[in-house]
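Same chain, two partners: subunit A is paired with subunit B first, then with subunit C.
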Partner chain A sequence: MYDPTVARLTYRGLLGRRRALVLGALPVLLIVISGVVRALTGADDQVAHDVLGGFALATMVPIIGVIAGTGAIGPEIDDGSVVYLLAKPVKRPTIIFTKLIVAIAVTMAFSALPTFVAGMILNGNGQQIAVAYTVAALVASIAYAALFLLLGTVSRHAVVFGLVYALVWEALFGSLVSGARTLSVQQWALAVAHKVSDSSLVTSDVKLPTATVLLVVVTVAATWYAGRKLRTLTLAGEE
Partner chain B sequence: MSTLSIDHVSRWFGNVVAVNDVTMTIGPGVTGLLGPNGAGKSTLINMMGGFLAPSTGTVTLDGQPVWRNEQIYKQIGIVPEREAMYDFLTGREFVVANAELHGLGAKAAARALATVEMEYAQDRKISTYSKGMRQRVKMASALVHDPSLLLLDEPFNGMDPRQRMQLMDLLKRMGAEGRTVLFSSHILEEVEQLASHIEVIVAGRHAASGDFRRIRRLMTDRPHRYLVRSSDDRTLAAALIADPSTAGIEVDLAEGALRIQAVDFGRFTALLPKVAREHGIRLLTVSPSDESLESVFSYLVAA
Partner chain C sequence: MAVEQSTARGAEQTRIHNIGYRNYDGPRLGRAYARRSLYSQSLRGAYGLGRSVKSKVLPMLLFVVMCAPALIMVAVAVATKAKDLPVEYTRYAIIMQAIIGLYVASQAPQSVSRDLRFKTVPLYFSRPIETADYVRAKYAALASAMFILTAAPLLVLYVGALLAKLDFEHQTKGFAQALVSVALLSLLFAGISLVIAAATPRRGFGIAAVIAVLTISYGAVSTIQAIADAQSGDSNAIVWMGLFSPVTLIDGVQTAFLGATSSYPGGHGPSAAQGIVHLLVVLGLVAGSYGLLMRRYRKVGL
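Moving on to the complex of A and B:
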């Protein structure tokens, strides 16, 4: 199911281009903000919760997910170089699964790791806040990577759709409409984080069993469907 | 030895028919797929390569369907027309990756790079390659698993004459070894030099099929149109129409010229100067008015 050559090509494509700069910018910003906040307010659990919940999990993780998830396949489909993967006796689900693993790893590295560092800077993991949000970022990375990899496979405007989902649905609707929160990767991740860390500040609107089921279903279904779409991918635009 | 069979294949995109009921069999040796730009060559090659489903009909390689059949790529090597090819890799890394995806190693990649004579630049990034170098590395990636069928979409586009010769020699060698090689082109001379067999596609239809002599004859024997200006158009017209090599003449008053349709190319080209001399007429302009490849192809479709 995992092809090291596909993985190598995907990693190099993701980390070698301008994408790497964009991927690195948000984590750096998070850590800088955390340093400034800590210097101004001192170690404050509520502030740590606000920064990690409001910026790291609600904004940074989905954006990194969009860049890594769509970037793992979208550019290859756009420029047609995916033909070199497709003209091989390699099963399409293997290509998608491998790209998913790469997208998850990159999203985790560029979102969960900086979230933990920021949490430690903000309040030294008081009330388990740093650990809780790191777990949330790890869990969300999986679902986001799968969702946005699917988006990159089916749409040429994957980045736009991905950003609209990440910023409008997750950040805006999620805070205004309670129903939207049930269908929010962020809330599912928070449910898992709450259970793991037992932090009283980190809570979710979705119960753990629902969140777990939805996380698994979304990840598996998106990956399965992306593999299916890749099998019948039409390389249009030549004529 | 592989045979690619295209059986009553059509492909439409919305209301546009790109390929219209094409049936052909491509056997060992070099076959040229000839047609003007936009004729449907790439659509057809994409269907042959399994990257596009026919709307109707089937494409099979030795009886195996090509569409939705990953295992078929053990036998097929593809050289796409598009330029994009993991530019951040070196030539060697690119060909090695292609070899690995076939379950092969660096040895196969080295052999393929040697075949296309690209060893000297194999450690340079692909982004620094010229068009011809890219084409050769693409060839290496397609040859790495020693395929029995090689599909090339407009492989000579943008190549200089020396690179063109090299690639032609390579493809001839592949054909002579018993591989089935199919390449597309919109240039007749290119196809003539290389292909033992030619398939002509015009406006999505299969217009002609055969060796280059037959295709060339079809093209030469077609009616030719000329625009002629002379010192006495009407006298010239009267003298020409008396000869069976001329099928029709129109006096174009706006242009101040004759529009002549000749049915016997050889005889007409000998007749025109002779008639002019006999009647003391000076020929001011003699120009073929439909020599574009498209018009030649359209004739083939009607033939």
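Moving on to the complex of A and C:
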């Protein structure tokens, strides 16, 4: 199910040249902000919760997920070089699975790790906040990577749709319509984080069983469908 | 022998025939015409006109989403006979910044990245236009498209306000001030996103990079502002923080000079002097992105 060569190529495509710069800039910014905030306010649990919840989990993780998830397959489909990959005797689901693993690893490395560091800077893991948000970022990474990888195989405008989901659906509708929160990766991840860390500040609108089931269903279904989609891929010319 | 013969015969047969191609002796439309064409094509392309149906969907959808709240506000204002519109003209673009960001992020790369990826830029420069023409046409086209996007809902609000018989003078003043503000916003956003988009031939990556710069900088700045406001309420620190993201910059300028209410946390707005610094930074960024674009295209694809 895992093909090292495909993985190597995907890593190179994701982290090669300037992509790594953008991927790296966001976590650096998060850590800088944490430093500034810590200097301004001192250790404060509520502030740490606001920064990690509002900036790290709500903005940074989805954007890194979009870049890594769609970037794992989108550009290859876009410039047509995916045919050379598809022509090799490697199963299509294997390709998708490998790319998913790579996307998850990259998203985790660039989002969960800095979240933990930022949490430690902000309040030294008081009330388990740093651990809780790190768990949330880890869980969210898996679901986001699978979801956006699927988008990358389905649409040529995957990045835009991914960003619309992350910024408009989760952030805007999520704050206005409470029902939208049930269908949000962020809330599912928070439910898991709440359970794992037992932190009273980190709460979710979704109950843990629902969240777990939805997370697993979304991840598996997205991966399966992406594999199917790749089997019947038609390469479109430039619009 | 045979070889010699064949070359000799070959030389005999090699003759340039005049097969009747004619020189073009019609009018030459020249550089200005080419520049205008590039401008209008880019502007149309920014709304998907003259392109496939699929590529019309997104810009048109964003345009509709941008205007819909204005229509609703006008309808409410007319129906309830309100004294004033529920939202200031200058405030509208700040509220809808997510839509504006998505629009510019999706259209800036589509305007320049594909030329880079398919190596068509040298073809442009084989025509009478020069680097400056290409950059100006693309920049002006995207800024105009942004202006259409941001000014259309204001126009809806203004017409609606007049229909609802609100105070003419007050409404006209607000409308005019907001138009200046969105013009600045269009120039600033178009400049920043074109510079980012022109750095990469990958469209998807360009979109993500533009949105990251616009959204993340706003998220970071407003988070720190909110915390500074809650902790110390030091208005100077809050205002100077506003220099570090495009949206807060525009907000600062329109608060200082265009009669807007600040949307900085705690309602702290820049003073006149701080407003001048905000304005200078905006103009500097616009000029800087133009300069960077000129540099980027000086040797492109050659």
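Keep this in mind: the second predicted complex is superposed on the first by the 236 of 239 C-alpha atoms of A that agree within 3 Å, B and C clash if a C-alpha of one lies under 4 Å from a C-alpha of the other, contacts with A are read in each partner's own complex, and residues count from 1 in each chain.
Convention: contacts are C-beta pairs under 8 Å (C-beta built on N, C-alpha and C of every residue); 3 or more make two chains touch, one makes a residue touch a chain.
For clarity, every value in this text was computed on a predicted model and none was experimentally measured.
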item: Partners on subunit A (subunit B, subunit C) - clash or fit; value: fit
item: First, second, both or neither for A:G16, with subunit B first and subunit C second; value: first
item: Touched partner set for A:M120, first subunit B, second subunit C, both or neither; value: neither
item: Contacts of A:V6 with subunit B and subunit C, given as first, second, both or neither; value: first
item: Partner chain(s) touched by A:L26 [first = subunit B, second = subunit C, both, neither]; value: second
item: First (subunit B), second (subunit C), both or neither touched by A:I129; value: neither
item: Touched partner set for A:M108, first subunit B, second subunit C, both or neither; value: neither
item: First, second, both or neither for A:L214, with subunit B first and subunit C second; value: neither
item: Winner by number of subunit A residues touched, once subunit B and subunit C are compared; value: C
item: Superposition-derived angle with apex at the Cα centre of subunit A and sides reaching subunit B and subunit C, degrees in steps of 10; value: 70
item: Three-chain overlay, closest Cα atoms of subunit B and subunit C, distance in Å; value: 6
item: Doubly contacted subunit A residues - partners subunit C and subunit B; value: 79, 238-239
item: Of all residues in subunit A, those that touch subunit B in their complex; value: 3-6, 8-9, 12-13, 16-17, 79-81, 83-92, 231-236, 238-239
item: Residue numbers on subunit C that touch subunit A, as the complex places them; value: 51-52, 54-55, 58, 98, 102, 105-106, 114, 117-118, 199-200, 202-205, 207-209, 211-212, 215-216, 219-220, 223-224, 226-228, 231-232
item: In the complex with subunit A, residue positions of subunit B that touch it; value: 13, 18, 38, 40, 42-43, 46, 49-53, 68, 70-74, 76-78, 80-82, 84-86, 88-89, 97-98, 100-103, 141, 153
item: Subunit A residues within the subunit C interface of the complex; value: 18-19, 22, 25-26, 29, 33, 36-37, 40-41, 47, 50-51, 54-55, 59-60, 63, 66-67, 70-71, 74-75, 78-79, 157-160, 163-164, 167-168, 171-172, 238-239
